[in-house]
Each structure stands twice: as C-alpha cells, then as structure tokens.
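After this come two complexes, each holding chain A, first together with chain B and then together with chain C.
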Partner chain A sequence: MREETRREAVWQFLTYSFIVLGAVVTLVPLYWIFVASTLSESEFLSSTSPRLVPGGEFFSNLQALQARENVQILGHVGQMTQYVDLGPVYFAYDFWHLWNPGAIENSIFIAVAYTLLSLVLCSMAGFAFAKYEFRFKKPMFYAILATLILPIQLLVIPLFLLMSQLNMTNTYWAIILPWAANPLGIFLMRQNMRSIPDALLESARMDGATEFQLYYKIALPTMKSSLAALAIILFLFQWNLFLFPLVILEQGKYTIPVAINQLVGAQRVYYDQIMVAATLSIVPIFVLFLFLQKQFVSGILAGSVKE
Partner chain B sequence: MANIELDTLRKEFGTGGQTVVAVENVDLDIHDGEFLVLVGPSGCGKTTTLRCIAGLEDVTSGTITFGSRDVTDLRARDRDVAMVFQNYALYPHMDVRDNLGFGLKLSTKLTTDEIHRRVEDAAAMLGIEELLGDKPKELSGGQQQRVALGRAIVREPEVFLMDEPLSNLDAKLRAEMRTELQELQHELGVTTVYVTHDQTEAMAMGDRIAVMNDGVLQQVGAPETVYRSPTNEFVANFIGSPSINLFTAEVEGSTLVGPRDFAYDLEDTAPVAGYDRVRVGIRPEDMQMVSEGGTTATVTVAEHMGNENFLYLELDGHEMTARIDSAIRPQAGETVQFTFDEDALYLFDPDTGDALKTKTDDVDTDVATMATE
Partner chain C sequence: MATQDSTRPANSLRDSVRFWRQSLSSVLPSASDSTVGYLFLLPAIALFAVFLAFPIVYTLYLSFFRFQGVGGETLFWIDTGFFSYRLVSIANLQFVGLSNYAAMFTDSLFHQALFNTVFILLVQVPLMVGIALLFAVALDASFVKFRGVFRTVLALPVSANLVAYSTVFLLMMQDSGLVNYVLTGIGLDPIPWLTSEFWSRMTIVGAVTWRWTGYNMIILLAGLQNVPQQLYEAAEIDGANRIEKFRYVTVPQLRPVLLFVFVTSTIGTFKLFSEPVIINGGGAPLESTITIVQYIYQTAFIDFRLGYASALTYVLIGVVSLLSAAQLRLGGEGDA
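The block that comes next holds the complex of A and B.
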C-alpha cells in the first residue's frame, strides 16, 4: 500500500515537472520578446546574455514604429478637416472614411471574417460528410484531405493568377476566400459531428425539423466546444499566413507578418521595432484564447470520453 | 387517432450485389387506439418495421396507411407520428421545457402561450413540472425517460412509436414505468406501436403482440393466445419465461418416445398422424413431480425463489426446466420423476416447426380476461 502511494507521488512529481518544463519552454520566448520590446536598440544589441528585467523604452520604440512610412502596425485617424458638428452619425461616417487601418486591424478583420466564414463552411461540409449518404462521398472526402499535403508555396502562383483575373488582388477577400473551406476544418468537424447520435437527428426530423434546421438547431449547438476549438485553429492559421499575403497585398493592406517583414531592411534590421510589433501581434491571440480556453480544451478532448 | 395498416411491407438493405432482407412482406393491421407490441430477438426486423412506420426508412415495396391516408412516401415530419427512442435522444443543449416544445414550435402554428400551456400540461401529466428548467444531463435515467415520453405526448400525434424505451432503466424502475406507460396510453387512447426484445414486457403491456423472426411476422394475437396457441416452435420458444422445454420424440403407435426413459401415451393421436418424429414442448409450469411412473431426470440446479422453485433437470444431455411448488424441494444431484397432462402438451412439426397441437386445457380466455378487468 505504502509502496503504491510512493509510486503515485513519484509519478505525480514527474508529471508536474514535465508540465512545468513544457510551460517554461513555451513561455520564455514570449517573455523574451516582450522584454526585448522594452529595450532600446543599443541595449538590445549590446546585451551579451538575454535580459530578464524589462526596460523602459516600449513606448518610444512604439512611437518610432508608428512614425515609419512603409509600415503601419496600429491604425490611426486621418485629419478630420471636414468635421463640422453635424452630430454623431456624420462623425461616425467621417471617422470610418478617415480611418487608416494598420496591420493589426487588417489582420484582425481578415482573421475574424475568415474564421466566421470558414466555421460556417467547415461545419456544413463536416455535417454533410458525417451524417448524410451521397454519391462519391468517400472519394470527395479523400480528395479534400489530399489537399492538406499541398504546400502553400505551390498554390501562390495559381492563386495569384486567379485573384488577378477576378480583380481581387490587394483586397482582403484575396486572403479570406482561398482557404475558406479549410480541409483541416472540414476533417475536424466531420470527425466530431460523427459523435452526434443519429437518434438525435431523427428525433428532430420527427419533430418537424428541416434538414437545415437539423444543422442549425441541433448539430451546431451540440458542437459548441468543437467550434470554439476550430475557431482558434482557423484564426491562428489566418493570423500566421505570410507568403500569399506578401505576394498579393500592397502597402496599407499589410497583415501583421507581412508588416513585420518590412522591418527587415536591406541594410538594417529594426530589432526593437520588430519586437514591439511582435508583442502587439500576440495580444489579440491572447485575448481570443482567454475567451475560448474552456471550450478549446473541452473541444480538443471531445469524443475522447464516452459520456 | 387512426388505425395503421401495413400491406406486404418489405425492406431490403444493402449496396451492390449484397442485399439483406430486413422485413419480408409483413401484413399487419393495428387497430385504432391499440397498444401493439412488436417483439422478437435482435435482428428480427422489429425496429426496422417501426422505423418504416415512422418514415425514417424508405420501404422497398408495400404500403403503409394511417386511417385512410397512404403515408408510404411521406416524410417523417409529415406523418403526424411521435417516437420515443431507446436512448431518449433528448436535445442536450436545450432545457426540458425547450425539449418538450421543440416539435410544437417547428411543426405547428401555435402561439408561444399555447405551446407553454401544452408543455406544462404534459409535464404535469408525467410529474416533471419541477424539472422544466433543467438540462437533460442533470436528470436521472427515469426522468430523462419521462421527458422523452413528454416530448411525444405534447405533440398529440396520431400514432406513438416506441423503440425499446425502457431498456436503459433498472429493473424496478422499468416495472414501474411499464405500468405507467400503459395507463398513459389508455388515458390518451393513441394508437401505439411498441418494440421490445423482452417477451415479459411484451406479454405484460400489449393489447396484442406481434412476434417477428428473421424479418418475417410469425404470429399476431393477444398475449395469452400467443402463449397458449403459438403458431410454431419459434413463437412457443420465444414467448414464456423460463422458456418452454423442447425435445424430439419418436412416434411409436400412440406413444411418444424421447430421451432417457421418456415415454408418453397419447390419448388423442390425431395431431401426430403421419409423423414418425415430432418436437415435443412442455411449459415449465406444466411439469408435475411424481413419485413413480414418470420420466426420470437428474436435478442439476435447484433455485428456491420463496414462492416457487425452479428445477433445472437433465435427461440424456437435454436440459429442462420445471417450475414447481415451493413445498417440493429436491436437491441438486437427486433423481426425480416428472409427468404432465396431455392438455398441456405442445407438438410441432420437426421440419417446418409448425404447431401440430397446442394447449387444450379448458381455460376460457374470455373469462380470464374479464377476471383481470
């Protein structure tokens, strides 16, 4: 009995050590990015070992970053010259037109729109693959899965040509549409939707639900946590997308990774500004995860335990 | 309310060259307001038949009629039927109130107030008013069962369909719900088709029971009729607990000669005329222990239930069960002798299994029915 308790304690110690190690390995680089963003460039370049104590230069670095002409990380409002006091509606209209979005806002808009659209498409496709019988169902599903092995590098040129034919170059849609029906998302939704009992759908059918209502009123609400998990995955995928945005977007529409890339000049790398931009780029992800973490964890575990 | 008529209903499953016939040309007339139980072993086609009636499966051929309405090609939601599923299939993200009201919201034009009223009436009928705000996962099995029933009741459908609704409950609750379900059905008077593999449940609940095997309807009738006068060996064997004792016997003149020293003189030889071999069936409760002149058997296990005893007997490799008075208590290993009345004897064709003779003792089924009412 005592032997067993001791073994359990050792096991627990090892488990926790492993978790702590994992957390350290994940968090230290993030912390280091934050610390680096608070140092002046000379401090950053002259320190021989990584510093752990933040400096006080964050805002001056940010100012320098915002003052650049080729990159806008945070947006700003242009001069509202026409503004006469015509009430809040006019003000909002004016604001909207004079708003110059920065890379963060571009990225947020693109990632949010992409995530919402992709959630709809992936969950619908996943529902169909999981719960309906139709011709060529298997080949179609495997074909979708097979696209997972195509690297983005391979798609850049055909996608660019397609977008240019559609007059969509340098638009948000050029980044949003190509991956909207995300194969990984379809696969995940299909796997999760298979766990919806057929009886549940049949029961709703007998209650008078149409096929769309089955999807909308039964499947989606029961898949909430899987959808949350998928939302994070899709958001991150879009947030980190680099090559295609670099090719198809022009200055002013840059997303965060493309904008950061502009800070690497031919003669000079602006480390301090890169670190500020990187720190800012983490914030939205952090907020998103904070909101969805509960669903994310239970979504990852969905189907692992039979209830 | 309506009667249900199945006319040569056939359902095949399968793709390509492989087809499996799940339901084979079933003709069945279910009366208006009747409680009909479809019973049979797993895979016998009873659930498929129910699903065809529900509209959840397309039929291969044949027709289904509700009253004068041919519903064969109607979708489930246009048939005006409600179904209770084995695992209840409650919507996990809705509370009990929404679960009950979901069907009304989707398939009727009732106002919100009217839906509320009907949901509350149904909840009151089932004694689940205080659960209306709970989610299904907060409920016990019995409560979930009630909600599932409530969801069917609230729609006030023409037909109730129930697919083994009690099989997930523990024995005590199952017995309770059995009675409650019957009372409810009588009260509402809705034509009900109930599927179960449990013959006890079938006997206890059904106005009539329909026994199925291998997709074929074997017999339809009042429980007692099916018990006393099964059409074939399968029905005799399936209905009754413990099962009927069955063995093969040679016909030698007017004597049936079976395993060990089994020899039984028939007074009426008409049923066995032309047979040199028959299958013999004796219900466990018809076995009588005698001190001499019977068939010898060895007791393998004796179960003392208090009010009666079950004896498991062995004669030359054949196992038999006797249900006897609790005063008679032989021990395992002892040798006993048994006999039975010819009235209680069942005989079946050894090849086709068709019944040649069933119980002929003089119980008047009508009187028996009146006595229970």
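The block that comes next holds the complex of A and C.
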C-alpha cells in the first residue's frame, strides 16, 4: 500500500512537471518579446546573456519605429488641414486626416469588417440551405461542401489577375471579398440552423412576420453562440492572412503581417523595432483570447468537426 | 395651420419605404416560394462564384498556358448607345499543353521545396501530435489542479499572429539568441539554428510546434471527454496500469480525433508559408528551407511565371484535397 501511494506521488509529480514545463516553454517566448521590445538595440545585441528584466526603452523604440518611412505600424495624428470655426467651437472636418491608420488599425479594421460581412453572408446562406426548398439547392450545397477541402488561401494567382482587371489591387476589398462567402462558415451555419424548429418559424409567419424578420429576429438570436464561434474562426483567418495581402497591398495599406515582413526584409534590420511591432500585434489578441476563451475554444472545435 | 399630412414631403421617405416594401413583398410572397431561398443565398453565392469557383477553374486553365502579361484584349463588346459593355481578357496567354506539368520533373528547386516540406512534415507532425496528446492526457488527469489556467496558458499561442510569432523565433534562434544562451547555460554547444541547413529546418519545426500544439491539445482534450469512463474502470479491474490504459483504451478510443489532428496538421504543413519567409528570409540558406507555397509565391509573383505557378498550385491542391478526402473518409462516422 505504501509502495502504491509513493508511486502515485511520483506519477503526479511527473505529470505536474510536464505541464509546468510546457507552460514555461509556451510563455517564455511571449515574455521575452515583451522584454526585448523594452531594450535598446545595443543592449539587446551586446549583452552576453539575454536579459529577463524589462528595460525602459519601449517608447523610444516605438518612436523610432513610427519614424520609419516605408512602414507605419501604429497610426498617427495626421495633418488637420481644414477647420470650421464657429466662434467658441471649431472642428476639423477633414476626418480622414485626423488619424492616419497604421498596419495595426488596418489589420483590425479589415478583420472586423471581414468578420461582420462574412457572418451576414454565411448566416443568410446557411439559413437558406437549412430552412428553404428551392431548385438546385443540393448541387449548390455540394459545390460549397466540395471547396471545404481546398486550401482556399492558395488561389492567389487568378485572384491577382481578377483584382487587377477589376481595379481592386491595393484596396481592402481585395482581401475582404474573396473569402467573404466562407465555405466553412456557410456549412457550419447550415448545420446549426437545421436545429431551429420549423414550427417556430411557421407560427411567426402566422403572426405576420416577413421572411427577413424570421432570419434576423428568430434565426440569428438562437444562433448566438455558433455565430460567436464562427466570428472567432473568421477573425483569425483574416488576421493571419499573409500571402494574398503580400501580393496585392502596397505601401500605406499594409496589414500587420505584410508590415512586419517589410521590417524583417529591410536592408538594415532593427531588432528592437521589430520586437515592438511584434508585441503590439500579439498583445491585443492575447487580451481578446483571455476574455473570449470560451468562444475561441468552441471556434477551434467548430472548425474541427468539418465532416 | 399646417397639420401633419401624409402628402407632406416630410413623410415621403416613409411612403417610399412602404411602396418598396409592398413591391418587394409581391416579389417574395410566401415561404413556399423558392425565391426567398434564392434571395437569402444570392449574396453569398455571387461572391462564391466570382472569387472561389472561378479561381478554382481558372487556376486549372492557366496551368496549361504560358503567361505573357496581363490581359486587356477585348473578348466581347456591346454598345447600344446608352448601354455599353466590354468583356476584357484577364491575361495574355500562350497555350503550352502539359509542358508546365512536365517541367516539374526536371525542376530541381521544386524538388528541393518538396523535399523540405515533406522533411518538416515528417518531423513536425508526429512530434507535435505526440506532445499535444500528452498534454491533453495530463490535463485530463483527475488530480490536476488549476486545469483551466494551464489549458489557457498552453492554448495561448493559438492567438498569436503567424507572422508576428515567426519574428519571435527569428530573434530567439539567433546565434547569440535566447535558445543558444540556455543551451550554453546547461553546458551544451550552441547550435547554428538559422545558418545550417539541417538546423534551420529544425527551427521551423520548433516554431510550428510551439504555435499549434495548444490548438491540437484543445481538440484532443474535447475528444477525451467522449471516452466512456467505464472503459477505464473495466481496464482497471483487469489490472491495467497507467501506460496500458493509455495504450489500450485512450489511444484506440481517440483514433478518429487523432487521425483528424494528423491530417489537418499535415495539410497545415503543406501550406507553410509565413514561417519560412520570415525566419529564413532573415537568415538561413534560402534553398534549405524553401517550402512549396513559398516556391509558388516566388514563381508567380517574383518571376511572373503564372502558368507554371498555377500548375504547381494544382499539384499542391491535389495533394491537400486527397488528404482532406482521406480524412473525411477515415474519420467519418459523424457524417450526417
């Protein structure tokens, strides 16, 4: 019996050590970029041992990063050229120049716009597939189902030609529209919306609800948790998109991945500035992750039950 | 005195809304009418056709041609005075038959890219799935406290931007970086993570494993919840120890989930792009880590050989689709 409990204790110790080691290995790079972003480049390169205590250079690094000509990571206040003077109150009406967005704002804006647009499109299409009968429903659904197995991020060559023909190169449309009708999203929405009882829709119809009201007053509210999970999938998909933005976007419209690529590929690589950029682009999503952990997990799981 | 009258212009907006609502409801009168379904579907299907279905077909088409420049040639043209429309070709192409596919057999850089990708895959996928499985089982153990905290920490990399985290590895793996510091600290020799051919691939392996282990752990952890507890109890009665329970209950029960994780990880490795571009764009000998997608990118958008790149894309899409189809078939019990 004593042998047994000792074995149990050893086992528990090993299990804990394994988990803790994993947690440390996971956290160290994250902590370390933060530290590296607070050191000056000479501190970072010259020190014989990597420092684990943050320095005080974060803001000067950020300033140097912001002063770069070709890449803008964070936005900055632009030239307020026009004022309307109403006596005691005056305001600038040249709103686009109040804040020149940088790569982070671009990325957030694009990912949010994409997520919202795609949620609307996917849920509408899913609702149609789940709750209506029409000709060619099956062939259309199977066509979408078939593209689930394709790596849709890789279809960049025809998209590039198409976007040049449509005069959409170097626009945000070019990286929002191609995946807005996300096959996985349509599929997930259709699967989940099949569980909405027909009787519920029918009784709402009796009460005089229009078909569109059925969609946004009944279907959408009952799908809240699926929509949240899908939103995470879509947001991360767009947030991590690199290949096509790299091809299609030019200076001034860069998203985070393309901007960081510019910093890394530059003639002279400034490690301190790169770390500031990496910190700024990783931290906001970490915070989001901590708050929306449940949705992240259900998003991962929703994406994993494709079949 | 002026009274609020429905004919006043202030209400014209409301009237026009009413007018349009009435005309619309004559178009979409009832649920039995299939137009409602089409209307809900229309925006998604239109985008799907233009930006997904068309590219899928057009990539195949392009793969039989040599690209000679962007198009502009008028294919179709109509001008009725008040309405004109011009359909323009999107590329200037020369038909070359199957020679793009034939060229792959003698393209040594393509072979190198294929080799690198498969090498990374063979090392990385088993390593990562193994670690993820161990984490999942460890976190699932009944005695573990702070399970939620550990799970959160281990899953944290899921939220890291692919390019941003790659730069972290680019810096950690420098000759005088953090990893070599730890190695020398425990008495080992520093490793040329970014400059040797072998180790630069290992750097990619390490980076990808760091980023995706937590993701796979979450999936496996969910799979573990579905393993019937009685099986463990039965195994215990038969005198099975921990290792045996893992070997004879956990692994067989998790087989579909493990298979899924294996296949999606393999697909993910085939699509590897951000990591080699960032990590090895900054260091290693280029050709030792160039991946297939990276090679496609270079062929298409640096050399502008779009036809050949399309053929490469189709080969890659073929491989990935076969894998996905296999995944659906092998893992598919839940087919509804």
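Everything below uses one rule, namely that the second predicted complex is superposed on the first by the 213 of 307 C-alpha atoms of A that agree within 3 Å, B and C clash if a C-alpha of one lies under 4 Å from a C-alpha of the other, contacts with A are read in each partner's own complex, and residues count from 1 in each chain.
FYI, contacts are C-beta pairs under 8 Å (C-beta built on N, C-alpha and C of every residue); 3 or more make two chains touch, one makes a residue touch a chain.
Computed from a predicted model, the values in this text were never measured in an experiment.
Novice: Once chain A of both complexes is superposed, is A:266 in touch with chain B (first), chain C (second), both, or neither?
Specialist: A:266 contacts neither chain B nor chain C.
Novice: Please work out whether A:224 is in contact with chain B alone, chain C alone, both, or neither, and reply first, second, both or neither.
Specialist: first
Novice: With both structures fitted on chain A, tell me whether chain B or chain C touches more of chain A's residues.
Specialist: Looking at chain B versus chain C, the one contacting more residues of chain A is C.
Novice: Quick check on the superposed pair: does A:165 touch chain B, chain C, both, or neither? Answer first, second, both or neither.
Specialist: In the superposition, A:165 touches chain C alone.
Novice: In the superposed arrangement, which partner chain does A:277 touch: chain B (first), chain C (second), both, or neither?
Specialist: So A:277 only meets chain C here.
Novice: Based on the superposed arrangement, let me know which partner A:206 touches: chain B (first), chain C (second), both, or neither?
Specialist: A:206: touches chain B, not chain C.
Novice: Where on chain A do the contacts with chain B and the contacts with chain C coincide?
Specialist: Comparing the two interfaces on chain A, one with chain B and one with chain C, the shared residues are 205, 307.
Novice: Of all residues in chain C, which touch chain A in the complex?
Specialist: Its residues touching chain A are 25, 28, 31, 34-38, 40-41, 43-48, 50-56, 58-59, 62, 70-71, 88, 90-91, 131, 134-135, 138-139, 141, 143-144, 150, 152-165, 167-172, 176-178, 181, 210, 213-215, 218-219, 222, 242, 260, 264, 267, 270-271, 273-274, 277-278, 281-282, 293, 296-297, 300-301, 306, 309-310, 313, 316-317, 320-321, 324-325, 327-328, 331-332, 334-336.
Novice: Spell out the residues on chain A that touch chain C in their complex, using ranges where they run on.
Specialist: 11-12, 15-16, 18-19, 22-23, 25-30, 32-33, 36, 45, 48-50, 120-122, 124-125, 127-129, 132-135, 137, 140, 143-144, 147-162, 164-165, 177-181, 183, 186, 191, 201, 205, 210-211, 215, 236, 239-240, 242-243, 246-247, 256-257, 260-261, 263-265, 269, 271, 274-275, 277-278, 281-282, 285-286, 288-290, 293, 296-297, 300-301, 304-307
Novice: Chain B touches which residues of chain A in the complex?
Specialist: 197, 199-200, 202-209, 213, 218, 221-222, 224, 307
Novice: Where on chain B does chain A make contact in their complex?
Specialist: 54-56, 75-77, 81-83, 85-87, 89, 91-94, 102-103, 106-107, 137, 151, 155
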